[in-house]
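Presented sequentially are two complexes of chain A, the first with chain B as partner and the second with chain C.
Our next item is the complex of A and B:
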């Protein structure tokens, strides 16, 4: 808070009772990374590198650790979140202008994820589902969760990962129908193709930048480092294993035709008590998406509070309404894809361009201000 | 007061979200089997629907309709049906011979695109017409259960390699591999036989393997967990139950292509017409079976090469062993590839009598 006072922004230190334990960033980051993308990333990733794309998946995941390291460095230097850092580096007006971009960005993310879920429910289960009603109920739930503070949001992230974890076992039933020779020969594609696939994959991994916002809420942030890295690592392993299984289960041409390979793998599952497993899977996905929506709205309202001094309780409702408004326009696959692509692109720019740039700027600003 | 209002609002919203199309099991016609035949220029579709009687017996009811695409045919049928026809519980899809010879992939699109159709649905080609098969009454649990059971039972315990919608599409879209399906034939009014395996080139049936050769075919494309074959050694017949089999491909040379296929069989004797099954006899049976499998499998592969089809996936295998594999060159070279089959049989058990 020392720097905060120097540049004259009013950041009240956050009370300990609002803070989360150092291990919770693991769940927050994983929950944010695992959303709609995991249902259909395989086809997109395989476009360039084909059966070698799993290497790109692994590679793209490992690079994130560098970004996480940089994010911690930024937050440590300014002793606060990215909002503090922006104001610290760029001054109050430019900094806050930059900050308000995040409101837009997180509302759009929220709309994209929820829109994706609604599309899947419509295609796979109920074609007549009313978007407005479903989204309203869902957003109300998110608002309710956020009213409990970040601690509740983080708790929700924990449950939404732990409760549906059994879904992973179900993929084991697809192994019987998989042909792992599909992965051979390894390294059959050029490095350029692999990098292209890695770029596409990096869009699916996004979501870890939420760390920039929750940093001031972490008790003993030093201790949380290993948990944040572990969370990213688990996500990487999950995606890599899923990619390998998918490439073995689908032959090349068949994968090209599958929009949601992860869901389609469940079509082979037949359990004695249920004929079609996707219905359970998709219903579970509604739980997995909750933290995505809740965390996005939380960040949006948090930034609103910091920049516009609007109370967070009100900010959340405004953000949720804006999100609902955007959702009303997402009535076709093209539009949903457009929003998902846009948020992915923005997110990529934030993680791989803005964050390193901000780190350098913070270092320079620190040097200059010391003199 | 405020809390109460919010609660009521929430409750009403939740009630609203229940407003989606319901499908109550008693109020729909559950299509469990679908058959497609050629009739004049159009496709004659039949849909099998079980009617559950109060005395717990099941009657079979068949809707038929003409059309050009699968979904349209089902829609046409609904003109005749008092309840909507749903496809969520489909068990089997049958293709008449004529349809199968002209290609089935366009019909499978409906199976693939509709999320309510599972990937485990059995597909089969019918020697004759599918509607003819639908006309009979088989078993006491409904026709579809009978037909899917027929294929399932023969896949798990018999000489039929694993086939279903997923497997078919997997092979169809796999470069260097051609799909295959069971071939069914109606032999008696109340019985359907497995008449062999129908072999596809791309999406068209061009050949078939008779039941007598199915044992060797399965050895090449699938792993046996159970299966049976009769062996004649020294004029004495013995029946071998194959417990387990595994195959392994090896690419020995590239130009021209030379493959080694090694098949490993662990089996036991279940019937022998001679006096005693001594060690010597067992050795003889083993040797005889090895020779027989090697020659029959080689014959099968020769036949595939002549017809230029590749149901065992040698092309795919060659690709997995080669970086920058050229499929156009492979198609030219495949008929001239040399394939050697070596077999290793070990008979562990001779049953409870000697």
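Our next item is the complex of A and C:
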């Protein structure tokens, strides 16, 4: 607050009734991390490290804890979100220019995720799906959620994890057909391969950077730390277990040809009243993706509000329309991949380059301003 | 008087107007009254002092027994010199002296008898002699329970408060009264327990009730619509009950109850979605049994909303989803049906809705016939005629049955309605459409509040402690704390220490 006043951007303090409980960041972070990537990360990570890739998955997950720690440090130092930090360090003009980058980045993320979902639906369920209509309804839903404030957004994040949790049980049915000797020999790949694999995996893990934006909305942020770390930890465990299971279930050759191994694992499930279980999975994925879209749009509209003083109600509609516009161009596998790769690259840069850099700058700026 | 005159010009004007009228004709206030046949004015003379006095009252609102048994004998036979004497003469607790002419209308229409001495018409007395016309207390019909008390609210506010107070004879049970409705002058009472209920809740209710502007408030359901957080939501945001025992129980939990004169339903708030699926009988049964029934109900609701949409989705888009053996059955039943699944489902759903409406609007005896005609004849005939498949008929009938397991009537209405958007979305995008409709529903529920408290609690925001009385009904030992979302002033109901001691084997 005090710092905000110093640099001349006076953010209204957030009222208590709009804040979220300290344990909810767990769900927000997990929901943002688990998105379209879960369905197909296995093939990508196995490209370099093969059956050892699960170690890279675990390792890449553990490194995130450092980033989360740094993010908390930044927010604590400036007593606010990353927007405050940017303005604090780089001054009003450069800081806000940096901030407006986030608008672009999150709208692109939103479009990429939604595009990915639509692609899966088209491949597995409805080849004739009208992208425009579906995306409009889906974005309308997101706007409806965001209009309820961050509490509603966090609520959807919560339910999107709790309700489809039963899908995890279904993987248990795949264990029967798994051959865990596929994982042997362990540590058969070079360290370089493992790191390459870890780099690819880090792209799937992305999304925890929302913490930088929701920080001012957390009641007693000090208490929320352990929950945020726990959220990241759960995601890591989930991905690691899924990776191990996939490598045991698929033989190396088959995995190379499977774009969505997670979905294919469901195909083995047979219940007396449901055959093709992956249909249920895909339908459920529409719930799991919702927080990705809603949180991204929320951040985009929130940044717009802070930087351009546009009302968030209007900002969110503008952001949704932009997202819809981008989606209309994503009509092929190549283009979707391009956007997904671009957002992955951007967010990798944000997490592993920008955030540590910002932390150092904040520390320096603090020292300089004190003098 | 002086204060009033300076503070409100309106009253001032009224006052001078009254004075002018007084000069013209001292009995001017009677003019409109006289048009009514039940307006009565009688003259008497006191036997001891010879003072003439007059009674004015509405004969339909006054219990004449009180007049002839208690009031008249005293006034006629004892020494009456001036009006203030009646305070020592009358064996009636509620006697008020007044000079305010503006009060006359209010008092007369509340069942008071106005008394004045013929020589001094400026001073008069109001004697309470209300006639209480209300039906006698009967067994609850909507929230029937096999075990437990068999009392239900009636249409009289006093009687209803009496039934609640009997169950909670403490001074902390506060009843605040408001009068609402420019024409109906309905009395509304807010009940809460001081020292337990959070002041914010009471303040919210008070504020919302004061802000109501309405002419004729007929029933408590008017109040629900007028003070709801979101009036366009199909979900009821205040729970209504006809059971005084339930009201006493929720007051002890730290909620508030709103009673409306003329309505046999109390309103309970703040409430949660879960509460609509808990019947009060759950608390009369052992916790294992009632938890089981609650789970059945929740399953019933989910089944009722989702089964027809899933049928439509599966048969329109995802035949691959259905195992081979089951597919045979479905094909057999649908072979002759010429319509797509959505039309078939809509046709049957609307038939069921028609039956329900017809059954609800008709007198009981005719209603039963409708049920038989509709259910058996129409159902069988439409299957035989090949308009619908019998599998769907079974689903629809089961769904209708499941919807009725909801213990609260208003909620079962909501469930009836919810099915249709789900059906349409299922027709549009199959299972995916159902999921999206579900997301909209979830969002709506997350955003909904009841008197400012989250409607979806304890699911979201998640509160583990309150889950003890949600999908399962914990044992009374575990329910020793009041619901945490109510933020009560005294969160502990009973210490629970004694009951929690667990003895070792053979001790």
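Simple rule for what comes next: the second predicted complex is superposed on the first by the 371 of 371 C-alpha atoms of A that agree within 3 Å, B and C clash if a C-alpha of one lies under 4 Å from a C-alpha of the other, contacts with A are read in each partner's own complex, and residues count from 1 in each chain.
Here is the rule we use: a residue touches a chain if its C-beta (ideal position, glycine included) is under 8 Å from a C-beta of that chain, and two chains touch if they have at least 3 such contacts.
Please read these numbers as outputs of a predicted model, since none were measured by experiment.
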| item | value |
| --- | --- |
| Touching partner for A:268 - first (chain B), second (chain C), both, neither | first |
| Chain B versus chain C as contact partner of A:360, first or second or both or neither | neither |
| Touched partner set for A:184, first chain B, second chain C, both or neither | first |
| Which of chain B and chain C A:237 touches, first, second, both or neither | neither |
| Touched partner set for A:287, first chain B, second chain C, both or neither | second |
| Contacts of A:134 with chain B and chain C, given as first, second, both or neither | both |
| Which superposed partner A:254 touches (first chain B, second chain C, both, neither) | first |
| Partner chain in contact with A:126 - chain B first, chain C second, else both or neither | both |
| First (chain B), second (chain C), both or neither touched by A:328 | neither |
| Intersection of the chain A residues that touch chain B with those that touch chain C | 126, 129, 134, 137, 270, 275-276 |
| Chain A residues within the chain C interface of the complex | 21, 24, 121, 125-126, 129, 134, 137-138, 141, 144-145, 147-148, 151-152, 155-156, 158-159, 270, 272-276, 279-280, 282-284, 286-287, 290 |
| Complex contact set, residues of chain B against chain A | 10, 13-14, 16-17, 19-21, 88-89, 112, 115-116, 118-120, 166-167, 169-175, 177, 316-317, 319-325 |
| Touching residues (chain side chain C, partner chain A) in the complex | 317-318, 320-324, 326, 429-432, 434-436, 438-440, 442-443, 446-447, 456, 460-462 |
| Residue numbers on chain A that touch chain B, as the complex places them | 123-124, 126-130, 133-134, 136-137, 140, 177, 179, 181-182, 184-185, 187-188, 250-254, 256-257, 263-264, 267-268, 270, 275-276, 278 |
